Amino acid sequence: MRLSVEGVGHAYGGTTVLDGIDLAIAPGEIVAVVGPSGCGKSTLLRLIGGLERPTVGGVFIEGDAPAGSLNPITTVFQDFALLPWRTAAGNVALALEDHRLTRAERDEIVADVLARTKLTDFAGAWPRQLSGGMKQRVAIARALAVRPAVMLMDEPLSALDAQTRELLLDDLRDLWVRERFSAVYVTHNLAEAVQLGHRVMVLSRRPGRIREVVEIDVPLPDRPARAAELEPMQRQLWQMMRDEAMAADRELTDAA
Amino acid sequence: MLAMLRGAVLALVLIALSPLPALAADDIKVGILRLTSHSPSIIAKAKGYFADEGLNVEFVPFQAAQAMAVGIASRDIDFGMTAISGGLVNLADKGAIKVIGGALMETDDAQGQKILASKAAYDAGLTTPAALAGKRYGVTTAGSSFHYMAHKIADGEGVDRSDVRMVPLQKVPAIIASLKSGQIDAWSIVPNIGNALARGDSVVAIGDVSDYIPNYQVTAVFTSTANVEDNPDLVKRFLAALSKGIDDYNAALVDKTMSEEDTRAIVEMIHEYVYADTPIDKADPRIRAFGMRINPGAALNVESVEDQLNWFKSEGLVPDSVTMDDLVDTSFVDQPS
Amino acid sequence: MPPDMAPDAAVEARTPPAAAEAKGRRPVPFRGGTFRPRAIPFAAPLVFLVLIGLWELGSRSGLISPIALPAPSEAIAAMGDLIETGMLWRHLEASLSRLVMGWTIGTVAGIVLGLAIGLFSLARAGLSPVVSALFPIPKIALLPLFIIWFGIGEGSKVATIVFGTFFPTVIATYGGVDSVDRTLIRMGQSFALSPLSIVRKIILPGALPAILSGARISASIAIILLVAAEMIGAEYGIGAYILLAGSLFALDQLIAGVAMLSIIGLTVAWLIGRAERALLDWRT
C-alpha cells in the first residue's frame, strides 16, 4: 500500500500552517519530518491520519492494505495516549475490540505484540506503574496489534529522557528490521531523524513548506555502526534548520 | 441562655420596683401571627390599652405558632397566642411556659371552623363527616389541632379514629393545594379560609367543627412560667389590656355592634399587620370574613383544654405525667360564661 | 530586619560563616516537622466521645438547659425507644427506599444529560444554561408544585430528591467529560473505534472520577433533602420523624433523628469511598 500526500495545505482560521506539501511513502519506508516548532509537523500527521481534513489538496492511499491489516494507518502519540484505567494488555486490546475477532484471536495478538515489544512481564501493569519508556512501548505494541501499513509517529520519543530515548530508538530500529513497516516519523530531534529516516523532510517555519528532502542511504541496521557517516548529515540538516528555528522561536505560537 | 438571664434580671428589677407602680412602662414583647385571630393584641396596642396598663409592647411577628411557643420558652418574647399543640404541652412539661387564658373558641353565636371535602371526595360520597372512614384527612403535623379535630369528628360520627388517614403536610398552603387537587379528601379550617375555599369549584363544606367539639377552646394565651411566678402583676395587666382589645374585636367583627366608621378604623389597625401586602380595600372583606369569637376577658374553657391534653396523652404525643397544673394557670381568668 | 526579632536570633543571622564554625559541629536544624498530615485513626472517635461526654456533663449539672439541648443520654434513650418499638426499621425503610430511588433516578438521568451536554455541541449550547438556571432553585420552594405534579404519595418525595441530585450530577458529569484528555479521544479515533466505544471505553471511564465526586455531593444533598421531601404527607421516614419531633418540641427525638441522618451520611460516604477504590483502582 502506498500513501501519498498531494498538494496539501491547511489553515486554522486565517492562519496558514501548512502549504504545498507533497509526499509519497513507499511500503517499508520511514520518512522523518523535521522542522522548527509550530511548523505544522503534527498537523501534517493528523491530516495523514484522517483526524483532520486538509483545507487544500488531499491525502490518498493506493493499493490494498496488506492482508490482515486491521487499521492501515495508525498513530503513535507523543504522550503515549494510554488509558490510565486499563492495564498494558488492556490498552493493547482496546485497539482490537471494535474488530471482528474471537476472544482467543484477540488474546493471541495481544500476547504476540507484547512479546515483540518485550512487555510480556508487564501485561497486567497499570500505566501509572510503568516508566515513560515502557508506556511508549505499550503504545507501540498497541499500534503493531492492528498490523498497520503506515505508522504515524508524532514525536514518539520526545517525552522520554535521553537514555530511554536511545534504548527505544534501538528497539524501533530492530522492530523495523523485523516488521518492515512504513512510517511518517515526526520529530524535532535531528539525531532521531538521521537514525531512523530513509528520507528526512525538512519543513520551513510557519506556514510549513518543504525546504528540503534529504536521502539517507545508509541501511537502517548499519546506522549505529556507521554513526560517523551520519554525523555530517545531521550537521547539514541543522544548518538548514537553524535560521528557521531561530525565527520560529521569536513567533507567538497561537496556532499550535 | 442570655435571654433567660436577661429575663431573670428583669424579673428581679421588677420585683424590686413593685412597691412603686407605674414608675416607668414595662417593655414587653408579644408574638403575633399575621392572622385576623391576633387582632386583639393589635387593637390593644393601637388604641393604647397596653400603654394604659403601663406596658410598652413590641410585636414580634412569627411565621408559625410552633416557633412562637419556642420563643416564649427561650424568653425572647413574653406573650403569645396559638392553638394548644403537642409542642406547647411538651414545653409546658419542661416548665417553660404556661397557658394563662383563652382566645378563639367555638361558640353557637358566631361562625366557627368548617369541615371541608374535596370535590372529588364529595362526588364519591363524602357528603357528611359520617363518611370519613377510609378517607385522607389533611393535617399540618401529627399532634396539631387539625389532628385533634379529625379525631373528635370521627368520635362524634362513630368512625374508628384509625380509619381516618392523617396526611401530614406541614403547611396550610400545602394542605390547600392537596385538597384542591383532590390528593386529600377532607380538612377542617377557620371559617374565612373554609368559606373562601368552598366558594370555589374544587372544595365543598360538609359540616361545622362546633357540632362535634362544642365550646372547643381553639387557641389560648400563654406566657413563660417565669412571668407567671415572678411577675403575676405584669400578666394581669397584659390580660386586662388584651381583654379590652378582645371586646373591641368582638364588637367590630363578630357581633357587629360597632358603627361602620369605628369598624373601619379597627380594620385599618388590623391591616397594619394582617394582609399588609394587599391594598386595604381588598384586605377589608378578608379581615371581616373571619368572624370567630374570641372569649371576652380571655376566659379559658379549662374542660376543653383538659380534653385536648388527654387526647395528646392518648396519642402518645406528650408524656403521661403532664398534668393540667403543668399546663394551665387558672388564676388569671374566668371560665367562659 | 523586623524590629521584633529576638536579639540572639538577630545576632545569629548576622554572624558570618567563620564565626558559626567556631561554635562547633552540630546537626542542621530540622524544619520539616510542620504541615505533615498523618493518619491518626483513633482521633475522630475520641473527639466525638469527649464532646458527647462534656455535653452529658453539662446537661446533668444543669449548665445546659433542657430546653436548649437534651442530654445525649436522653437522645440515646429516644433511639432505644425507636429500636424497641421496631419503628426505627419502618422509618429507615421508608427513608432509604426514597433515598435510593430518588438518588438513583437523579444520578442516572444526570449522567445521561451530563454526557449529552459534554458530547454534543447542540445540547451544550441549548441545555447548559437551563441547568445553570434551574440548579440554584431551592427544591423546598417547589414543594407545592411538586404536590400538584407528583401527588402527595411517594411521587413528590422521590421527585424532590431526584431534582436535588440531578443537577449537581449533570454539572459533575459534563465537567468530567470536558476534563477527559483530548489525546485519548483522538487516539480512539485514530484506531477507528466506533463513537459508542469511545464514549463507553474512553469518555465514561475518564469522567468517572468527576462523576463519583459528584455522587458524593449529590448523596449528601439527597440526605439533606430527605427532611424536605418528607414534609409532604409522609407517615414514616426519618425526615417525618424529625419534623414531628420538632413540632412536638421533643428534642430528644429530634437529636436522635438527626443522629440517624448523620449515620446514613457516614454510611453513604463510606460506600462511595469503597466504590471509588473499586472503580478507580487504576489511579493510585
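As written, the chain order gives the labels A, B and C, with residue 1 at the start of each chain.
The rule we apply is simple: a residue touches a chain if its C-beta (ideal position, glycine included) is under 8 Å from a C-beta of that chain, and two chains touch if they have at least 3 such contacts.
All values reported here derive from a predicted model rather than from experimental measurement.
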The pair of chains with the most residue-pair contacts is B-C
So which chain is the furthest away from chain C, centre to centre on CA atoms? A
CA centroids of chain B and chain C: separation to the nearest Å works out as 41
So how far apart, in whole Å, are chain A and chain B when each is placed at the average of its C-alpha atoms? 84
Note: chain C sits from chain A at a C-alpha centroid distance in Å of 46
Chain B residues touching 2+ other chains are none
Can you tell me which positions in chain C touch chain B when the two form their complex? 65-68, 143-144, 147-148, 151-152, 231-235, 240, 243-244, 246-250
Please output the residues of chain C touching chain A within their complex, sorted ascending. 181, 183-184, 186-194, 197, 201-202, 205-206, 208, 280, 282-284
Note: in the complex, chain A contacts chain C through residues 46, 49-51, 71, 73-75, 77, 79, 81, 83-86, 94-95, 97-98, 126-128, 142, 146, 152
Residue set of chain B touching chain C in the complex reads 1, 4, 66, 69-70, 73-74, 85-88, 90-91, 94, 96, 140-144, 166-171, 173-174, 177-178, 181, 183-184, 317-318
